[in-house]
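Read from first to last, the chains carry the letters A, B, C and D; within each, the first residue is number 1.
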Amino acid sequence: DAGQAAFDRIIAADSRIEPRDWMPAAYRKTLVRQISQHAHSEIVGMQPEANWISRAPSLKRKAILMAKVQDEAGHGLYLYSAAETLGTPRQQLTEDLIAGKARYSSIFNYPTRSWADVGAIGWLVDGAAICNQVPLCRASYGPYGRAMVRICKEESFHQRQGFEILLELAQGTPEQKQMAQDAVNRWYAPALMMFGPPDDDSPNSKQSMAWNIKRFSNDELRQRFVGMMVEQVEVLGLTLPDDQVRFDEESQKWEHGPLDWDEFKEVLAGRGPCNAQRLERRREAHEDGAWVREAAAAYALRQRNAQEQNEEVA
Amino acid sequence: SEDIAEYALRLGDDGLILAQRLGWWISRAPELEEDVALGNIALDQLGHARSFLSYAAGAWDKTEDDLAYWRGENEFRCAQLFEQPNGDFARTIARQLIVSVYQFELYRRLQDSSDPTLAAIAAKAVKEVDYHRDHASQWVLRLALGTEESRRRMIEGLKLSWPHLEELFDQDELYARLGTVAVPPSSFRADFDAFIAAVLSEAELELPQLPQLPRASGGGRRGEHSEHLGYLLAEMQVLAREHPGASW
Amino acid sequence: DAGQAAFDRIIAADSRIEPRDWMPAAYRKTLVRQISQHAHSEIVGMQPEANWISRAPSLKRKAILMAKVQDEAGHGLYLYSAAETLGTPRQQLTEDLIAGKARYSSIFNYPTRSWADVGAIGWLVDGAAICNQVPLCRASYGPYGRAMVRICKEESFHQRQGFEILLELAQGTPEQKQMAQDAVNRWYAPALMMFGPPDDDSPNSKQSMAWNIKRFSNDELRQRFVGMMVEQVEVLGLTLPDDQVRFDEESQKWEHGPLDWDEFKEVLAGRGPCNAQRLERRREAHEDGAWVREAAAAYALRQRNAQEQNEEVA
Amino acid sequence: SEDIAEYALRLGDDGLILAQRLGWWISRAPELEEDVALGNIALDQLGHARSFLSYAAGAWDKTEDDLAYWRGENEFRCAQLFEQPNGDFARTIARQLIVSVYQFELYRRLQDSSDPTLAAIAAKAVKEVDYHRDHASQWVLRLALGTEESRRRMIEGLKLSWPHLEELFDQDELYARLGTVAVPPSSFRADFDAFIAAVLSEAELELPQLPQLPRASGGGRRGEHSEHLGYLLAEMQVLAREHPGASW
């Protein structure tokens, strides 16, 4: 029909779908799932880093970390707004999250055991996020693409800050250097797995690529990321916990050692070290805040009624 | 001078300890917008604290981090209100109301300090604190006039904060020594009271007629703190102190 | 009448009134007030010391402190039981306390600012309590006197432990010694005021003495206490913050400097540094525990019903 | 030997960290009787910890306090269940149920250890832990069968504790090296399961069919802890570390 044809034309022209445009139900569903997962990841992802706000070892680092975690709340807000343009209200998405029905990036189910983890998250996790997200700035759905543009700008800032934290540690005392290396050891593999399962085990990727939501395959992005990290880890004076990293001259691609996809699936299925804790904290914040949101709503209604009465009188 | 450093230390510690308290809310606020808003306020307070503490530190040839991480509890100079627990959102807002009205009136006048550094810090801070004051006032209205439960909690929050109000206006001999450098709190007590009264009246709340603590107890400016500060410092300083001499 | 006569005989013989004996309403009321204030003091008094359980600087001290604070809960239990024999249930007394209607020893409204305060409370506050309480072991009301016997035994243990804490600090590093002296400076005057207002300002004392509840006047006990402290502070190698302490040869009594009874009244009236905090914490524990007490009651009822049914069947 | 010390360290840290958690309840329990009961349990656990840690400390020429106050987070060897937050009373009781059944079965067997010191500590501890187990079981019944709310909370408490259960039964190569000195947890898994099942069944509760954490995460015995332990240690160690070399 006409809607589908228009949609197809826009996709073929690599142009943008906007909220009022007709779109296939599956396209809408895919986007809601992807955008809300992304939003949830920002929100849950605040926790492992917020864990070090109160203990940040210098006031400068404390300020940078506070700003970063706060930025993530902001990213969550943009993304929930983008999801709302597709007809799914934030409240529903939030309730799915705290009911354990929605997914978020599995990497946030690992604990931040030391201050260096804040650096490793910035460098590796935000680094991987950027690799994933830069192509999403050109996603065919307008509000999503535009949200990604804002987010990516801030993320690259965050990655740089993470790198600086690690650099300072790597050049510090032996304990600090050990702390940094240990954090890199723990976050490297989970970061690589952030790109999702290998291409031959990623059934939805093809459709997303056809719709111009996804632009590169999981493995392509992962390889690109490994290459970047290899360069940067040298500057840090640290090592990646992977002795099979190498540039393959033939394919002109970076290769890496095997990843533990069983662990990935375990964590995804709720059996990671912090899954229960992360959800509990989100649930607690939501439930403890219910009376505040109710008060704000009641007050807004009261103000609206007062205004209407004033207008009637006038 | 040492006196100016002491004064900067008080203002800096107020901001630092409040930032440490407010930072807790980031990732725990009642709605995402408040994660952002309280995060902003915490960041502003931390920013002011860093300016004041860096200035104070200069007088003793130290750094802001020396002061933040390597002083003992009885060397901190914040008033006790700033170290009080967050409690629920209403208690945090009650604290914010008192604190931000106080800081606004203080910084507004400190812009005219005869000490150019203090004047410059205050000129920047006052704009931010103006927003904090508005944020707190708006929430007092929402909570006091929202639901029955929110009203009950707002009243309870005010009750818990009020006993710490009077200490903010303690005026010791430092002010006489500092003359036009500092802002004696008595100079803005009337404006403070008027603003608070206006907010509470709009919120249809009584001015909490609570007993004030006797002066003897409000010794934050002399390093005498409530039982809460020690825990806060243990957490704030733990990592820095585990690695003496390290840089971050 | 006969009841009054019997009561008077028992008092005159310095013998004991028991729960089933007739007693004047005013005697009963005085006892309930005194015993419950004492019970509340044990309960509220747990807080300033519990403040250091988690931070006690050695495991031995942690164990001793835990045991001590736990003993205070036990004392509260004995005393509430004694009050219950007079017909006032614990629940009512607890509700009066958290409503701010009941009194407790004013000294617990001061904060414990350092570890040395734990020592100072043991030495000075428990020391004063013992001076007050030893004569109460002979109080005319049986259950009260017997509760005091148990309590006094434990209190003198506690005082000794407090003394040991201070001794260790006084013989430690200069910072430790300073910490100890500072704590003694802060707790000395409030401890002296624990004996209550000066005799010429203590209207109820006379009646209590006639009833053989009180055995010595406030000032007598206070003077005796000062004398003990003078001896002990020397052993500690610390000083009392009172340069007017002296033994008056003429009256054969210890004298001390003036006390700030205005501050005493302020604190008693709720305007001490920690009054609000202490009551809030008690209220919170009570309210947070309501569902537990309800569950226990419901379960007990269920068990009783089940038992009765079993008995009927049998 | 170092292996025995390592084993004693594990048991000692379990007790120490649990005592630190339970100590919080003293002055905050739902009724006075529980201030006393939880205080008793905390004291018992602290007592066991001191015995185990003193024994371990001997191997490195240290004291119990050296181990308690001067180790970093990754040198602690408690299983992660012990460091989990108290939460509400039901969550504390859920943790107590698992912990005390576990410790009872363990200490019961450890009485026969070929190491006489461990055997003696266990012989004393097992009697006390028997009471802890009874205390927890009774409360599970009361809460599960009490009111609707207490039942809901009891179930929630079990849910939050259950994911940390499996780690208790991790059996690494240390056990093989220690032989008859130690009690491999597999040796009492069946008795543990049976006791828990009996309590839950009497409480009319399902055995929480919750996903267990993968082994990879339960690394307390290797010094890999949950995010909670750092805060606990910061508080526990703060005073001792402020005064290096002091005695108390």
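Here is the rule we use: a contact is a pair of C-beta atoms (placed from the backbone, for glycine too) under 8 Å apart; a residue touches a chain by one contact, two chains touch by 3 or more.
Just so it is clear, the structure is predicted and the values come from calculations on it, not from any experiment.
Rounded to a whole number, the gap between the C-alpha centres of chain A and chain B is 34 angstrom. Between the CA-based centres of chain A and chain C the separation comes to 57 Å, rounded to the whole angstrom. Chain B has residues 230, 234-235, 238 in contact with two or more other chains.
The set of chain C residues that touch two or more partner chains comprises 55. Viewed as a network of touching protein chains, the structure does not reduce to a path, ring, star or complete graph.
Taken together, the chains touch in the following pairs: A-B, A-D, B-C, B-D, C-D. Of all residues in chain C, only 48, 51, 55, 111-113, 263, 266-267, 269-274, 276-277, 280 touch chain B in the complex they form.
Taken in their complex, chain B has these residues touching chain D: 72, 230-231, 234-235, 238, 241-242. For chain D in complex with chain A, the touching residues are 73-74, 159-160, 163, 211-214, 216-217, 224-227, 230, 234.
By the touch criterion given at the top, residues 16, 19-20, 23-24, 26-36, 39-40, 42-43, 46-47, 49-50, 53, 64-65, 68-69, 88-89, 141-143, 145-147, 149-150, 153, 235-236, 238-240, 243, 245-248 of chain D touch chain C in their complex.
Within the complex formed with chain D, the chain C residues making contact are 43, 46-47, 50, 53-63, 66-67, 69-70, 73-74, 76-77, 80, 115, 165, 168-169, 172-173, 175-176, 281, 284-285, 288-299, 302.
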